[in-house]
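Got a structure for you, written out below as structure tokens; questions coming shortly.
The letters A, B, C and D name the chains in turn, as written, and every chain counts its residues from 1.
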């Protein structure tokens, strides 16, 4: 076994009211991929931020190549040879893609930034991930998945000894995950130490050599991946023995309920955004939206929820012709929508878990009928319990929650409004296995209660597991609609990949 | 391949279009409006505002705000005047003033950075402080009479156009500062870090950028440019007055915003600020050429024109974005 | 180019000039500087660009006119200063100056107070806007007179910004300070501040005009009302109605006729005995 | 009798501090306490309090009375700032309200009630104009309200014809100058306004909506929140607050001074709101903090008069107090203070 390049001993980190890390040891060895696992809020991201100096540690030592380091900012860590991709995209949305990759280490010529070199380098870094984009476009115009890849490209662009990736794959589709893993394998072969955080067990086993499990800020243990069966890993993470997760009840088996659909649109689209399409969803049904990155799933969801306005087509809700002009109108129709970019489109960072949770319900009740405090507290307590949200209390600011727990609060925000239709754009992004199973169970329950769901996910297996029907989008147009027996991973994949020869959409 | 961020340049282009439109309108309406002298005046008269506004633009780009501009300009003026009156050589006096300006700005930046204080309040404190210090330097205005000013700056450095008309040195300073600042913002790591800081400070920190240094640097730069604006104002008026330039900071902010800089930071273009300054100056010129407005109508018309400008800019931007 | 419209006095000054221009059918390019020197300089330079025949302006402050006046001279346009003077190295930069003498106004106020109180007074002073010419000069003139009367002392002095509200607020604070309780006289740099202070004095349960002798400057209409009511003791006139005189001068200057370099304005000192009689004639 | 009043005052103040411990308003309150303590020790006559003409009379009472305008503006601005905006036009709006009321009385001979109504309607319209620019046309607030800051004073002067309009109306005079229960009536107005605002924001969902918009307008809109309407309302509210302040300012001196009423007061009010704990970036807001902040500003102004500090340099101590107040609020600064004090203890 090679010596650790990165060696952390007895790391402790406390926040006001919580001990996020409690005496954790962690090693990363050259030529190995080391997976860091744990439930939402276990302390993975915190450990990484301590290692890179984004947080000051309270106790413990960190050594790189035997030398103790005490990085006071992430720049120090980078100088010591640690390159990092943080959870949630942490880049500069207003600057161009090229610049985001080059920022802080721009090549100079005559004391000035050599822009051509910056762009070339960015293109090369992206090419390593199999990505070609216009590097001059502002980052904010890229989808969240592309942003995630840009962040990875930025980290790859430094010659580091340790590469840390905190949930780099949460919004990537399979092809991109494949590209990324190929790069990681190459780096591993070159002798780099790689730390990977992800909630996808398949991915963990596909690539890691070693697994460290954290639970509630404590170290559970370090294992060789080959010696750790899946089930055991999960039970280490959860701290209790468990049955195989997720409970794969195939949703497609049940028949779509009869009667008029809850929501039906016809010739529905918007110029330059979405080619007109038909779509319907019944109460008690999950409609999956499949497609590659940028295929237009998010656009469709935004149009359906009234964030953007369609410029053609008609919409019927429960058989009545309706026009949705704003999210507020959708809310009154008892629709709900969790956007994929929760950081900028959903979170109210400094407000408490309670306030984040009841805000949609409050909007539905209107300005004057304030949700009584007792009801707020009771709702919050109920959802914290039901979804297993880890927070120091209902009054904790949501920005201090771990990523996965934030996502659960945002889901609870809509569930609290008792919606008829819920549009979920990548809801499982960053949610741990346990919670993912809980979520899937929840979806099934909601569906049983007569809720209609539109479910967007880049993970096809998840989509297939949970949907009765799947609509496949490509290049901002509907290319296929699969129902019943067609809801199969292979069929979906083929529909996504098929060039031109897709069956004509029926609907 | 050329660099282009078309979406973000639209407001600047819109402002420029509005500026040209208004200038054309003025020429059509009033005799003499199109004369070269008016154009030169436009640059020369607004030089100190323009230079200070460039500093403000940097601060806004970094996600902050600087309210101390007017006071620092006034303070610099009275300091230089006092020093010159006491026999200090003008170049030395100017250098001292510039240094103090940078120091003053840097100090505010340090407070903002080290204690995470709101820039609005700290620079507001700076505004009061500099104003009071100006009165402490000398409570009344002082004229500067020195051959360096009368001869060198006013005569030698001015560019003669004809026997009766010359481009004042102040205008030259303005153009030079805008050019230099544009380069600084576009071509240096410092400049890019300012954008990054303003766009998302937390990300900038995680990306390992020197956030603290950049933040302090930005306020120091703004202080320096305010002081430079003050120096240019002394060229312009050959005097210093501690009570002058009240509210200049608002004009500077308005110029930056009209020029396309977004107040929450991270987006903006330095030449846009020049356009903003020229627009403000043009509004004033139009009003003097109109020549029959009393105080209140002057105010109302300035407000109305400002509104019109912003509305037009919005409309042009939206239209350009759609097509 | 006018300073602004910061007071009724200034507004009267403006209307007098505008009315006269209309009467004589002279084209007047009027510009308001919003009390900022830089605006005024811009306006002057724009006048040059417009090629006017005569430029008249009331400078916001005394200094800082050298470059622009030189430019105007180069363009061959004569300059008439109104109301306030400028400090320039070469008096040839302007043709003439018509206006009140602020220092003299301060002296008049001082003289009147010395006479009224027999040279014995504990004085509070409400100063104008810091740094403004009238505030500086009126204080100077007033203190000049006090120099000759050792038993007249200023014990409190604060800026009331030439406004009623500030005048009142500052006077309230004065009256509560230990020195304020001994004050027997008040000198306000303009009537508005005095009018504000009168209210503060009344609210403190004292009688303005009796318990505290009040002298101020300007002679606006409301001051005459207050004098007639016995609340204000004296107002030194500062006459804004200079329109006719100004246009006489401008015409002479434009025609190249010689004019005196300094033209005073006819002004008086009014106290309670004249107030009621003069009130109906006040135009501002 | 002086000494027991001091004792009662300080006991009350200490009780207030104790009640506020752990809350955001604690720090501005502490700053106010320190400033008052300074006055107690160094400013002669500052703490004298007596009964004159059937009401209390003293510097502290003046502070409450003169500070009323900043407190009212501060209330409105707190809500505006909480949505992530700012309103620079409140000073000009004060001038408009005063001018309208005065002309309604003097030129139009309306009854005082109607005059007040007219003034408030004018102020609300001014606020609505700002709201229109910010919420509907989406112009950045600082520029949008700058327009009215410049033009509004012009409008007020247009109304008064550039003259100071003096009136003798007792009702309006009472508003600016009257006494109620031995205290300035303005204090009653402020408390009423505060109570109403608190009720409006905390008993309805308005407070939550405002804070949500300030936190993230995008997220709020995606949640279906009527962001534009709320923002519009907030500017109207700020306008009305400024209107009431303008009426008080005019009533106080029995005249409308379009040129000076409320001049630069917007700055004091913004400082009050921010010192009170509301962040200019938007989000959480603290109404009581704004009141304390306003009192802090007014105490400072009055102190400088009482100490006879020359107005030229009076801005220096003002700067220092503002900096001290925001340092006190900074957790980093407090951490540094305590760390330095207790290296042995830790």
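Just so it is clear, a residue touches a chain if its C-beta (ideal position, glycine included) is under 8 Å from a C-beta of that chain, and two chains touch if they have at least 3 such contacts.
Quick caveat, the model's predicted, so the values are computed rather than measured.
J.: Any chance you could check whether B-C or C-D wins on number of contacting C-beta pairs?
T.: Between the chain pairs B-C and C-D, B-C carries more contacts.
J.: How far is the middle of chain C from the middle of chain D, if each middle is the mean of its Cα atoms, in Å?
T.: Here the centre of chain D sits 33 Å away from the centre of chain C.
J.: I'd like to verify one number: the distance from the centre of chain A to the centre of chain B, where each centre is the average of its C-alpha atoms, in whole angstrom.
T.: About 44 Å, centre to centre.
J.: Residues of chain B touching 2+ other chains?
T.: 135, 139, 242, 294-296, 298-299
J.: Which residues does chain A have that touch at least 2 chains other than itself?
T.: Answer for chain A, listing residues that touch two or more other chains: there are none.
J.: Would you give the residues of chain C that are in contact with at least 2 other chains, written as numbers and ranges?
T.: 5, 11, 14, 130-131
J.: Which chains are in touch, pair by pair?
T.: Pairwise, the chains that meet the contact rule are A-B, A-D, B-C, B-D, C-D.
J.: Name, in rising order, each residue of chain D that touches chain B in their complex.
T.: Checking each residue of chain D against chain B gives 88, 133, 137-140, 142-144, 146-158, 162, 258, 267, 270-271, 274-275, 279-280, 312-316, 318-320, 322-323, 326-327, 330-333.
J.: Can you list the chain A residues touching chain D in their complex?
T.: 305, 307, 326-332, 337, 339, 344-351, 355, 359-360, 362-371, 413
J.: Looking at the complex, which residues from chain D come into contact with chain C?
T.: Residue positions touching the partner: 44-46, 48, 52-53, 57-59, 62, 66, 157, 161-164, 166, 177, 249, 252-255, 257, 259-261, 301-302, 305-306, 308, 310-312.
J.: Help me check something: in the complex, which residues belonging to chain A touch chain B?
T.: Going by the criterion above, the answer is residues 54, 73-78, 84, 86, 90-96, 99, 103-104, 106, 108, 111-113, 115, 119, 136-138, 141, 154.
J.: Write out the stretch or stretches of chain B touching chain A in their complex.
T.: Listed in rising order, the residues are 1, 3-5, 7-8, 183, 186-189, 192-193, 195-196, 198-200, 202-211, 266-267.
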